[in-house]
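So, here come the structures, one by one.
You will see chain A twice below: alongside chain B first, and alongside chain C after that.
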Partner chain A sequence: MLRIEGLSRSFGGVAALEALDLAVADGEVVGLIGPNGSGKTTLFNVITGVHAADSGRVLLRDEDITKSTPAAIVRLGIARTFQNLRIFQRMSVRENVWVGQHSLPSVGPLGLLSNRSAAERARRAEVDGLLDAVGLADRRNVLAGSLPLPEQRRLELARALARSPALLLLDEPAGGMTPAETAEMAALIRDFAVPGRTCIVIEHKLDLISTLCQRLCVLNFGRKIADGEPGQVLEHPEVLEAYLGGDTLDA
Partner chain B sequence: MVDFIQNCLDGIMLGSSYALLAIGFTLIFGVMRRLNLSYGPSIMVGAFIGTLVYLEFKANAVAIAAATVVGAVIVGIYVERLCFRAIRRGAAVASMVSSFVIWMQLEEIVTVVFPDRTYPFPPLVTADPIELGPLFFKVENIVMFAVAAAMTVLLHWLLQHTRFGLALRAVSENPRAALFMGINVGAVMSLAFVIASAFGGVAAYLIVSADGQITPLFGLWATFKGLIAMMLGGMGSIPGAILGGLLLGVVEAQSIWYLGTEYRDLSAYFLLFLFLVFRPGGLMGQLAVERELAATRRV
Partner chain C sequence: MDDIYLIAVLSNIGMISFIALSAYLLLVVGEISFGQQAFFAVSAYGSGIATAMWGWPIWLGLLWGALVAGAAALVVAIPTVRLRGLYFSVATLAFAEMVRLIFEIFTYQVEIEGELVGPDGSDGFRDIRAIYDSNVSDFEYLLIIYGLLSVVLIGFLILERSRLGAIFRMIGEDPLLTEMQGLNVNAYKILAVVMAGVVAGIGGALYAHLATYVEPKIFNVMLGVHALAYGLIGGLGTAVGPLIGVAIDIGLLESIRAISGYRMIVFGGLVAVLLIVRPRGLLDEAAVHWLRGRWRGLVRAEN
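Here is the complex of A and B:
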């Protein structure tokens, strides 16, 4: 599904990603971990076209998307959530998910102005279905900015799913949540977001990562230092060194 | 009391054209977070293109109105390409300064092509005022109000009930997030410019046809009126632009009646001064200003 070849990106002489190789198969759920500043979010930003790569390639289903615009990449089937939430605060919950469908191929130039067509009604029904699935059905007309953080994260997830993406990039989906809220989010991602699609999850909470992912990839200073099954990776000496200076990691 | 009510009604009708000007300003500011100082001169050029169609072809009102709106839109696209698209990211001051330069350029071009001080502009309608009890209504003012109201309803529908409107609101609130929704942010910004210019073109036609004449100074006048109305309502707020325009119209109409015509513009500036001192966020933007102030205090 996704292949990253020799990807490098630096900011003012500091290498955020250095000759990174990563391949993610169809339907695979990969956890991306690493200390702060290790290049995880930069990798998402390069995949989604926010930052241009200095060198290397990003291929989605063998198509080179390295130089594509963010909008074009979304249309190719990649959706993401953000570490720092980027929901539209002054829009209603429902409108936030509605806007997530913007780049659907069925929304042509005329679709931008039609609001009563059968296709548009069907799309809005899909929005309501998504809100129902993430537990925000009764909040659909509330302003998104007024939701508490866990609900805002669920809303962002629903918005990312609105276009039925083939590849879903989740950037700390449980950031700022309590253990109980994290467990709820993990169940939601596992049962609703992940089935049938390829997914890369950045997360510091290892219990969530180990619930979701069959494979872990660890970055440190922009380099991949480990890649494999979670159990093995978390015992890898370089990973222990990068995270805790040598102590054991508790999942 | 009858005079006061009459002035209020006249002011609301006059203010409806200010509201259209302010909507144009605020739409560009809301979407791009930048001020387009050449907005007034752009629509002035549109009105002169309408004048040219009138003088050369003795065209009817519909053709003149269409020429004015199309002219304003074309000049608006020219401004967007030069001052906003070329300088898109993080250079609000550069955009504003370059739009000021384009203002000078447009005025210069018009004064070269139209060297006389004023040119006649045909009225939209010629009919006797309508009398309703003790109140009088000029037909051109009623038409101005009706067209402005229809345009506002159309804009509301566009923004609130269509996907294009949703995309425009998304870009206005968070362009980066809008990009990740697959929205073509550049195209949405350009279309916002086109819509703003069309609103300005309609406002220009209504105002100039009610005046019966046009001068190159109309650009300066339209910029001032539109800016003041936008500031009164709150920058970036469309309901604010409407309220600001109507308030400006009412205050001007009252001051013309009670103080004299020479106080019309002075009263507008005084009203703006009062707002800047006591309610800098305008009628609808005060909450945002207070939030910003609170954030500054926290730091």
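Here is the complex of A and C:
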């Protein structure tokens, strides 16, 4: 599905990613962990075209997307959420999911204007289905900016799924949540978001990672220091060093 | 208040509403343009040339003016689309001043029935008489203005509820997140600038034919600043907002003679106060959302 080859990116002389190689197979769910500043979000930003790569390549289903624009990359079937939560605050909850469909080929130029066609009604029903699935059905007419944080995270997830992406990138989907909310989110992702697609999850919370991922990849200072089965990776001396040197895993 | 005065005030409100809607559309996509008066001017001249000099019928002159304004907007949009915030504002201001200065020296006249007709630099463009020549009364012209305004307003209201309208709002709120929905932000911004140019152009063409005379200094930056202020007063949540702004300014402040001398003081104060207490105007997104919710509730209660 996704292949990253020798990817490097630095900001003002600080290497955020250094010669990173990573291959993710179809249907795989990979957890991406690492201390703060290890390059996890930068990796998402380079994959989605927000930041250009200094060198290396990103291939999606063997197509080179390294130099594509974010919009073009998204249209190829990648969707993401954001660590610092990005939603359209001045729009309703329902509109926030609906906007995810705008660039679908099935919408087309006419669909951008018509509100009453049968196809549009079907798409709106899909939006309501997604809201139902993430537990926001009764909040759909509320302004999105007024939702509490856990609900905003679920809204972001619903929006990311609105295009039925083949590859889903989740950046700390349980960031700022209580353990109970985290468990709920983990179950939602496992049962609803993951089936039928490939997924990379950045997360610090081990319980979420262990619920979701069969494979764990650890970054430190922009380099991959471990990659494999969660149990083995977490025993890896370099991983213990990277974490216990600063943060603990549940921080 | 006599009828002629009332018709003049209402015509003025109608024509200025177009440039207010034009500036509003760009405010929705998150850009402040100080240059919408340029498209108003381009169309005023363009439509005047078409009817007074080329002898085109009035409706074709209006259409031509709007198209020329749209083309001018496209010329502005392509190089400025990557600019954000203050840089976009300054670029639009510079373009508008450039247009105004070009009209200061632009001379293109032909002899019609022994008289020279056409733009004559800073002396302006006289005798754009198409509506008088075809015996359209001021009242009939008022109906034409409001007919066109209704069409444009309905277009805006349909746009508001459509995906395209949502895309414009998304760009205004978070361009990167918009791009992340697979949408080419720059292309949609160019579309918004062109649409705004056409809308301002309709107003400019209507203005030239009612006034019968245009000169470059009418289209100075204060016209553009007012156009912006209307949206900021009336609200950015719906296209009705800028129209409320126009009605407050021209309908109340300028037209009630007792207070007209203090117009700029009251108007400036109003803008300043609103920017502090309601930065997105009276009918902002939250207000419009609330009103729509009430409306849905009423409709449901009816059924």
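Note that the second predicted complex is superposed on the first by the 245 of 251 C-alpha atoms of A that agree within 3 Å, B and C clash if a C-alpha of one lies under 4 Å from a C-alpha of the other, contacts with A are read in each partner's own complex, and residues count from 1 in each chain.
The rule we apply is simple: contacts are C-beta pairs under 8 Å (C-beta built on N, C-alpha and C of every residue); 3 or more make two chains touch, one makes a residue touch a chain.
Please read these numbers as outputs of a predicted model, since none were measured by experiment.
Student: Specify the outcome, clash or fit, for chain B and chain C once both structures are aligned onto chain A.
Tutor: clash
Student: For A:Arg75, is the partner it touches chain B (first), chain C (second), both, or none of the two (neither)?
Tutor: A:Arg75: touches chain B and chain C.
Student: When the two structures are overlaid on chain A, which partner does A:Lys205 contact: first (chain B), second (chain C), both, or neither?
Tutor: neither
Student: Determine, under the contact definition given at the top, whether A:Arg90 touches first (chain B), second (chain C), both, or neither.
Tutor: After superposing on A, A:Arg90 lies in contact with both chain B and chain C.
Student: Per the contact definition in the header, classify A:Leu143: touching chain B only (first), chain C only (second), both, or neither.
Tutor: second
Student: Would you mind listing the overlap between the chain B footprint and the chain C footprint on chain A?
Tutor: In the superposed arrangement, which is not itself an observed complex, chain A uses residues 48, 50, 70-71, 74-75, 80, 82, 86-91, 95, 98-100, 102-103, 107, 111-115, 159, 163 for both chain B and chain C.
Student: Which residues of chain A touch chain C once you look at their complex with the stated criterion?
Tutor: 48, 50, 69-72, 74-75, 80, 82, 86-92, 95, 98-104, 107, 111-115, 141, 143, 159, 163
Student: What residues of chain C sit close enough to touch chain A in their complex?
Tutor: 158-159, 161-164, 166-167, 169-170, 173-174, 176-177, 179-185, 285-286, 289, 293, 296
Student: Per the contact definition, I'd like the list of chain B residues that touch chain A in the complex.
Tutor: 158, 161-164, 166-167, 169-170, 173-174, 176-185
Student: What does chain A use to touch chain B in their complex?
Tutor: Residue positions touching the partner: 48, 50, 70-71, 74-75, 79-80, 82, 86-91, 95, 98-100, 102-103, 107, 111-115, 120, 159, 163.
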